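First chain written, first letter: the chains are A, B, C, D, E, F, G, H, I and J, and each begins at residue 1.
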Amino acid sequence: MITAIVFVQVDNDRIPEVAEQIAGLDHISEVYSVTGDIDLIAMVRVGDYEEISQVITDKLTRIPGVLSTDTHLAFRAYSEHDLEATFSL
Amino acid sequence: MITAIVFVQVDNDRIPEVAEQIAGLDHISEVYSVTGDIDLIAMVRVGDYEEISQVITDKLTRIPGVLSTDTHLAFRAYSEHDLEATFSL
Amino acid sequence: MITAIVFVQVDNDRIPEVAEQIAGLDHISEVYSVTGDIDLIAMVRVGDYEEISQVITDKLTRIPGVLSTDTHLAFRAYSEHDLEATFSL
Amino acid sequence: MITAIVFVQVDNDRIPEVAEQIAGLDHISEVYSVTGDIDLIAMVRVGDYEEISQVITDKLTRIPGVLSTDTHLAFRAYSEHDLEATFSL
Amino acid sequence: MITAIVFVQVDNDRIPEVAEQIAGLDHISEVYSVTGDIDLIAMVRVGDYEEISQVITDKLTRIPGVLSTDTHLAFRAYSEHDLEATFSL
Amino acid sequence: MITAIVFVQVDNDRIPEVAEQIAGLDHISEVYSVTGDIDLIAMVRVGDYEEISQVITDKLTRIPGVLSTDTHLAFRAYSEHDLEATFSL
Amino acid sequence: MITAIVFVQVDNDRIPEVAEQIAGLDHISEVYSVTGDIDLIAMVRVGDYEEISQVITDKLTRIPGVLSTDTHLAFRAYSEHDLEATFSL
Amino acid sequence: MITAIVFVQVDNDRIPEVAEQIAGLDHISEVYSVTGDIDLIAMVRVGDYEEISQVITDKLTRIPGVLSTDTHLAFRAYSEHDLEATFSL
Amino acid sequence: MITAIVFVQVDNDRIPEVAEQIAGLDHISEVYSVTGDIDLIAMVRVGDYEEISQVITDKLTRIPGVLSTDTHLAFRAYSEHDLEATFSL
Amino acid sequence: MITAIVFVQVDNDRIPEVAEQIAGLDHISEVYSVTGDIDLIAMVRVGDYEEISQVITDKLTRIPGVLSTDTHLAFRAYSEHDLEATFSL
């Protein structure tokens, strides 16, 4: 499993609506509206590397109200829990 | 459940070691070493609001090798999955 | 009591008007127009964690003239005074 | 009453200790450890303008563990509550 | 006397005109067009603290062509000269 | 008369002391400790262009406790007052 | 051979289309859509120094959808492989 | 001779055209389109201090396509060559 | 093939030496010393996603003289050339 | 002729001394101590592209007191004067 953590800047008054749409995409496990100077943080979980840009470049960035994205890809995951099982979405 | 997403800057050559220690703390579901100008992203999941600073201020920031932290607390979570069940850690 | 400190950027010539509207919202104890590169700082005081995003995401960010917000949630409060009593608004 | 809102950067592992010391100073009503890239936010409330630098420059910045401060002075306060009474500390 | 030093960003081709208008306001002793990434620096000198926001928030920021302001209030003034007399404008 | 406005970053606990020393230099009319992320703002007033670097590069930057300087030179001054007379120091 | 590495910011929803057009230009060996706060990274390989601005200033920056570019020119290349042969495009 | 080095941000697809116009102004010795996040760097050489703002504020910033300027004035010039002669333009 | 583009900040006077060492690592096709505020840009080409952190986290960041790294992973590559063949290193 | 414009950050109290040393290097036509948040700006003029890194990476960055450099290479020069002749140093 490859995880990507995407910071999303959104039109100021469309945050809940855009969060719902992102959460509805395949391979998105969770979306959070957060404190600080980032509007949303989306967690992308995929099996193959190529799927990442299908989710982010081809779908997420095209949702109306999304202004910009800043993606951080996980090199490695560290956890005391079985993440593969946890996120076998 | 309240989720906090913590960006952690670490001594350049202690990243894996610090990631393991953070992942071993209570209420930490996952830690990722990531691309970009952030070293680690840790996912904190707690039941009560007071537990957040016990995890972050009292424990995480004191792990040797941790240089600074930048915490983003989730206002709301959006997901097609039952996150409470998923993260009933 | 949970406190959030919200930095608000506002249309340059609508600062007093927007400050009044924010101060009129539930759970807002004070709003200050301040020096520096922040226009307004609003103090949010709530009983339950869920109320924070109702105040900020659902109401404050939607006030006409509000350009962006940057929220800092208090982990802990330190004071020689009884803040619960002081802010039992 | 003049209010100053001071952002304080602190040695990573001395946050609670420094917060207590700041909260113990005259004219400090509250100190919060907060999310984001600011460690502490202190609320200074004084009667005379000259008292501000006595609190901040002469005392707060000299507390061991304080790395830097960024002060935002309130031009005006907006509130539905009687702040003078609330903060007649 | 309380001094405020205001950095003003202005429409690129209206700098001299805006500088003249700011200089014409009460309590403005000098305005400079300057090198670097700041367009104008205005020196505000007032007797009472409340007058500062009357000059800056109510007048200066509303001058057409003013894009944004960043105010730095003086805690203390240090000089070998009698500034009160010098600026008894 | 040529005016330079110098932002000075100072060792956190030496601000008043350094301000006094800068104020004692020739061609320095005023020094302010200020709010925001700048420690001191010094006003340099000279007759000849060459004197500016004698004051700033050769003297001001060498005062113990001065960490860095950022100088903004005035292209033009705008004022309703006779600045030459005011600052004939 | 002289190499230039160009960071390109693009209209949010035109990334693949713009990448294809850049890749079609002479002297462009590869274009990558990447993680982080950069949209595209283009690798320019030329024989003569003058060709660089023909590729970047005259062609790349004029492709519809390109918002801004930030070029980093290689002083020297270090490799265990024969780059001249590899990139004799 | 007083030298000013002006960083100029320009409309993305008008760089050569704007560079030519700046180069045509009096007291401009050279203009370079450059790598990095600056579009143009112009070298201004004048005899009297007052001429600087005539060149920059009154002419250069008003050329269509110029978005913003950031001027760095030379305190002193250091060279093994006779710059006065070299630039007696 | 997965490509990662790594920006590397290096001790000021060890740039060539560090560049050579990085270029000697497996899966590094080229390293460039570049203009601008980045010291080196390294091109990493791997077959499997897991190899990326073996190259970057486990080896590159540990080379003496490396101060920090900022990795941008390629979602997709666009080229008129057969990159797989070109980089079948 | 290829021109490079190098921004140099220097130890606060060694600016004149470092400027002299840089000005003494081959292919350096001028060095300026400047206003703003840059200490020195050096003008490098070379005949061949390879000479640039010999001047900057191998010599300039190694001068004691140089903290960091940020080089901007000229794509093209625009001037009403014969720069080749002017700078045939």
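Just so we're on the same page, contacts are C-beta pairs under 8 Å (C-beta built on N, C-alpha and C of every residue); 3 or more make two chains touch, one makes a residue touch a chain.
Keep in mind that this is a model prediction, so the values were computed, not measured.
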Touching both chain D and chain E: give me those chains, sorted by label.
-> C, F
Tell me the angle, as a multiple of 5 degrees, of the rotation that maps chain A onto chain H over the C-alpha atoms.
-> 145
Tell me, please, which of A-I, H-I or G-I gives a repeat of the D-E interface, judged by over half of the contact pairs matching in residue number.
-> A-I
Please flag the chain sitting at the greatest distance from chain D, going by CA centroids.
-> G
Chain centre separation in whole Å, for chain I relative to chain E (CA means) = 49
Centre-to-centre distance between chain G and chain A (centres being mean Cα positions), rounded to whole Å | 28
Whole-Å gap between the CA centroids of chain C and chain H = 45
Hey, what residues on chain A touch two or more of the other chains?
-> 16, 33, 35-37, 53, 57, 70-73, 75-76
Which chains touch, pair by pair?
-> A-B, A-C, A-D, A-G, A-I, B-C, B-D, B-G, B-I, C-D, C-E, C-F, D-E, D-F, E-F, E-H, E-J, F-H, F-J, G-H, G-I, G-J, H-I, H-J, I-J
Chain I touches which residues of chain G in the complex?
-> 3, 5, 16, 19-20, 22-24, 28-36, 38, 41, 70-81, 83, 86-87, 89
In the complex of these two chains, what residues of chain D are touching chain E?
-> 2, 49, 52-53, 56-57, 73, 75-76
Write out the stretch or stretches of chain B touching chain I in their complex.
-> 12-13, 15-16, 33, 35-37
Residues on chain C engaged by chain A in the complex (per definition of touch) | 4, 53, 57-58, 61-62, 66-73
So in the complex, which bits of chain B are touching chain G?
-> 35-37
